[in-house]
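What follows is a group of structures, each given as structure tokens.
Each of the two complexes below includes chain A, the first together with chain B, the second together with chain C.
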Partner chain A sequence: MLRYLIRRVIGVIPVLFISWSLIFFVLQLTPGDPVNLMLAGRPASEEVRENTRRLLGLDKPVHVRYINFLWKAVRGDLGDSYRTRQPVITEISAQLRPTLELAAGGLVIGLLFGVSLGVLSGIRPNSWWDTGAMVFALAGISMPSFWSAMLLIFFFGLKLGWFPIVGEGLPALVMPAFTTGFFLVGNLARLIRSSILEVMTEDYIRTGRAKGLGHWKVVFKHALRNAMIPPVTLLGVQFALLIGGAVITETVFARPGLGRLLVTSVLNKDFPMVQALVVYTTSAYIMLNLIVDVLYSVIDPRIRDARSV
Partner chain B sequence: MSVELVQQTGVSSAKPRWRKVVRQLVMNPGAFIGALILLVLVFGALFAPWIAPYDWNEQWVGPRLAPPSTDHFFGTDRFGRDVFSRMIYGGRFSLSVGIATVLFSMIIGSLFGVFIGYTGGRVDHFGVMAIDVMLGFPPIVLAILIVAVLGVGLPNVVVAVGIAGIPRFARVVRGATLAIKARPFVEATQAIGAGHFRVMVWHLIPNVLPTITVLATLNLAGAIISTASLSFLGLGAQPPTPEWGAMLYQSREFYRFAPWNMIFPGLALFLSVMSVNLMGDRLSEVLDPRVSKGH
Partner chain C sequence: MAEFAPRKRVVRRDSQAMSQWAVAWQQFRKHRLAMFSLYALVVFYLLALFADTIAPYGEAQSFRRGAENRSFAPPTRIYWRDAETGRLSWPFVYPVSASRDLRTLRLVYTEDRTQAYPVRLFVRGHSYVPPPLTLVPPQIRKRLQLNWETDRHLFGVEFPATIYLWGADQFGRDVFGRILFGARISLTIGIFASLISLSLGLVLGGLSGYYGGVLDDALMRFVEVLATIPSLFLLLALRALFPLDVNPSTVFLIVITILGFIRWGPIARVVRGLALSLREEEFVQAARALGGSDARILLRHLLPGTAAYAIVAFSLLIPGFILTEAGLSFLGLGINEPASSWGLMLAVAQEGGIQTFTSRPWMLLPGLFIFVTVLAFNFVGDGLRDALDPKLRT
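Showing the complex of A and B:
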């Protein structure tokens, strides 16, 4: 187990290294002079421009800047924002909390409704419950989140006045969390349903029934536990969905957060901020996938053995 | 002669299946409803000039922010433009952009997947590594990064979302290629002297086609949502383009008083994504049960 763990952790280093390098070089392709972007159209003498260039380290050749970027990035320093001239990390850490709250809320909604709908359909296939749940799940994966957000705001925020549209605290989190989680609900419900249907045909389910176990005992003790394995392995995918959801949700609800910061930074051409946000989300995503893989191999040792061959 | 014989046995297994596939799609109520909705939307987009009662960009054809009426089925926007006409024209942008995006990912991803899977060895090793690195990016973040570099606009959104979709095609097609490569007919084709290019284009690609089709349909729904999302964020279609995501973006300031500006373009988007999903579900059951799992 320890050897497997060490091999996986070491294996992630080149992936992180290549993706950071890719982000750096892709952003080098940006047309236009960064000094112009930083001065934001204000007139400046050649001397000021030269100074800015030196301050940003842009007078050095690309390979030197690349090494600098990597060396600083490893220590958590990703440069200063063109706009605020503050280290990007200051603003990112300030905006991290609202995004984590939103993601947690979306995850809770997704798990709560997604798992229950999926189980409901899976254990009673082709019933009215199943049809209803699957229509709901289909709506979940087909509804663009900005549209469902606007519908929620209009009907539950404005017409019925059940939930606040803006503000802090739990009530103001309800509609954004539903917006972010709705896709997850549909996605999980469908996954869990098909997973349960597959598990129910296994021999050990028949054995359980044959030895006289009750229906619910078979379902909860044997079917569900095994049916949960495939959805767990897709937790990384769910995280990506939550990030995508956060970008949209934060924009519609005008909530502070990393997703909105990313979009405004792109629109403002604040490239150090864009670079830092992409580096952080990508690294978090890669690490999360690693953790999921390792957890999975703990739950199901067959995976570990199959991969070490 | 013998080349043709091998070629025929390679392709013939796929040929009669297509007719069966269409029949099975039509027989399924979900897929049938999906196809019907999509046909209506595509029909509207194609024949927009004849169906739309007004020009999509003509201002003051009605009062400002007027509610739905017999003159304006879906009301008007803040410039007095007809929402129904704009929505009909919008399909031309939203649907074609979604399709173009998937074609982009599909062609590049599949060719890459077939190439590395067939070549094997070190090429395959580094190819898989490249796929892993690209899969290391959350797709929407990768798309936004590319838009940041290319600049704002609808064609750039196609490229950005298209690139973000490449690794998914490449990975699945590589896997399918490895499986097919091991089948005797590939070795037989090589034995009678067919070159690598010929084997890849005429024998491997036709056999991975069912897999690619399923993946493309499943990805089309996501592509329509992603491209519309970027337009909604202000990174894609710019005003006055009636792309559905951009229409919702433009309605942000006044949909509280004139919700028809938000409800109808969103509904069009929702229905098109749903119909593609309905067809994709059924298609994956019929054509390739392995791909549908886990996606």
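Showing the complex of A and C:
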């Protein structure tokens, strides 16, 4: 187990390295002079420009800047924002909490509704329940989140007044979390349904039935447990979608957060901020997948053994 | 006796001699929702193609000044009965006049019932380039001297009356028309972006699987790394590389390109797997033994083997791209004014806040169109998947 763990952790390093490099070089493709972006059209003498360039390290050739970027990134320093002239890390850490709350809320909603709908339709395929749940799931996948958010605001915020539209605390998180998690409900419900349908044809289900176990015992003890494995492994992937969904949700609900910060940074062409946001979310995503993989191998030793061959 | 043989049986016997595609089509047709969605999409495409003719006003034609201000004018009421006699008459409308409510500072529209304006068919109005010439880019049209224009619209009313089936937007532009014009963006962007993703996936995945070795390792590691960057973040970062305020057709190309470049990874992986297994097939070995070149083997033997997957992947990519484009435009990073896009129209609804719900709910209509279109593409994709590749069913 320890060997597996060490191997996985070491394996992450090149992935982090390549993804950071990729992000760095892609953002180097920016046309135009970053100094112009910083000055935002204000007149400045050539001397001032030269100074700013030197201050940002832009006078050095690309490979030197690349090494600098990597060296600083390893120590958690991703430069200063063009807009605020502050280290990007200060603003990002200030906006981190609301986005994590939102993603966690979305995950809870997604798991709660996705799992129950998926199980419901999986154990009663082709029933009315199944049709209803699958229509709901498909709606979750097909609705633009900013539109469903507006409808939620209208019905539950204004008409019924169940949840506050803005503000802090748990009640104000319900609608944004639902907006973010709606597609996850759809994805999970569909995945779990097909997973259950597949598991129900396995030998151990027949064995369970043959030895006289009750229907619900077979369903909950044997079918569900095994059917959960494939969807749960995909949760890491879904996290990326949740964080991406935050970009839209935060805009609709006027919430602070990383998504909103990314949009304003793109609009302001604040490249260090854009770069830092992508680097951080990518790194977080890589680490999360590592954790999911390791946990998964704890639950199911077959994985660990299969991969160490 | 033969006449009384059940028809179904005959069909089944035929299917043994049917090609893979004919069988798939037969399967697809059984999927009722998919067929219905396909018809709906065909109607949407036709509406988008003939948008100029069907819409009573031009895409950017606005009514926003002085007496003709129609900012957020509600849907025009169309009357079918004569006001005096109460008998059925040719449909007509009354002109509206705007006045500002001094308490709420909003424009209030009141009908002026002194004169009725009949709804006329094939009226003259804003001039435009008729389809199918609209499909030709303006530069080429200019070079080939193809500058026919027409000003006939399917229906309309005489000014000062205005006809807004689904209300007007902030500049007094027709929401119904702009939804049709916006359909052009939403219905094409998904297809082009999917084509880019699919081509990249087929070429890179095919080469990777066929040649293997260093190329395979490098490409697959690259795909893995690309998959670690959350796609919407990557998309926005790429968007930052391009200028924001350029003309709508340039933005259209920018959006298609960056969308196409973010989702090819998973396709390349599957195609690689297919190529790996096809490579070992006897017909490929035979082709190689007969001296077939790599290019020939790739194109004649490997590519057809991936066709079923390619079609399914293509159709299932489209809905995601439509949603992403709408999201980008909604955030102000996609299609920009004066062009119209469903996401962009919803951004106006969003800016309106509570007023959108209380006084101009028609501004939410584009969302319904995104929803229905994406749903239809999802159904068609599901149907294709079931028909072409039952193994892919999730």
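The rule is short, and it goes like this: the second predicted complex is superposed on the first by the 309 of 309 C-alpha atoms of A that agree within 3 Å, B and C clash if a C-alpha of one lies under 4 Å from a C-alpha of the other, contacts with A are read in each partner's own complex, and residues count from 1 in each chain.
The working rule: contacts are C-beta pairs under 8 Å (C-beta built on N, C-alpha and C of every residue); 3 or more make two chains touch, one makes a residue touch a chain.
Note that the coordinates shown come from a computational prediction; the quantities given were computed from them, not determined experimentally.
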{"item": "Joint occupancy of chain A by chain B and chain C, clash or fit", "value": "clash"}
{"item": "First (chain B), second (chain C), both or neither touched by A:L234", "value": "first"}
{"item": "Partner chain(s) touched by A:G167 [first = chain B, second = chain C, both, neither]", "value": "neither"}
{"item": "First (chain B), second (chain C), both or neither touched by A:G214", "value": "neither"}
{"item": "Partner chain(s) touched by A:V263 [first = chain B, second = chain C, both, neither]", "value": "both"}
{"item": "Partner chain in contact with A:G57 - chain B first, chain C second, else both or neither", "value": "neither"}
{"item": "Overlapping segment of chain C (options 2-10, 20-28 or 110-118) - the one that collides with chain B in the superposed model", "value": "20-28"}
{"item": "Intersection of the chain A residues that touch chain B with those that touch chain C", "value": "15, 18-19, 22-23, 26-27, 29-31, 138-139, 141-147, 150-151, 153-154, 158, 191, 194, 240, 243-244, 247-248, 251-252, 262-263, 265-267, 269, 271, 274, 277-278, 281-282, 285-286, 289"}
{"item": "Complex contacts: residues of chain A adjacent to chain B", "value": "14-16, 18-19, 22-23, 26-27, 29-31, 138-139, 141-147, 150-151, 153-154, 158, 191, 194, 230, 234, 239-240, 243-244, 247-248, 251-252, 262-263, 265-267, 269, 271, 274, 277-278, 281-282, 285-286, 289"}
{"item": "Residue ranges of chain C touching chain A (in the complex, touch as defined)", "value": "221-222, 224-226, 228-234, 236-241, 243-244, 319, 323, 326-327, 330-333, 343, 346, 349-350, 354, 356-357, 364, 367-368, 370-371, 374-375, 378, 393-394"}
{"item": "Chain A contact footprint on chain B (complex, rising order)", "value": "129, 132-133, 136-141, 144-149, 151-152, 221, 225, 228-229, 232-235, 245, 248, 251-252, 255-256, 259, 262-263, 266, 269-270, 273-274, 277-278, 293-294"}
{"item": "Residues on chain A engaged by chain C in the complex (per definition of touch)", "value": "15, 18-19, 22-23, 26-27, 29-31, 138-139, 141-147, 150-151, 153-154, 158, 190-191, 194, 240-241, 243-245, 247-248, 251-252, 262-263, 265-267, 269, 271, 274-275, 277-278, 281-282, 285-286, 289"}
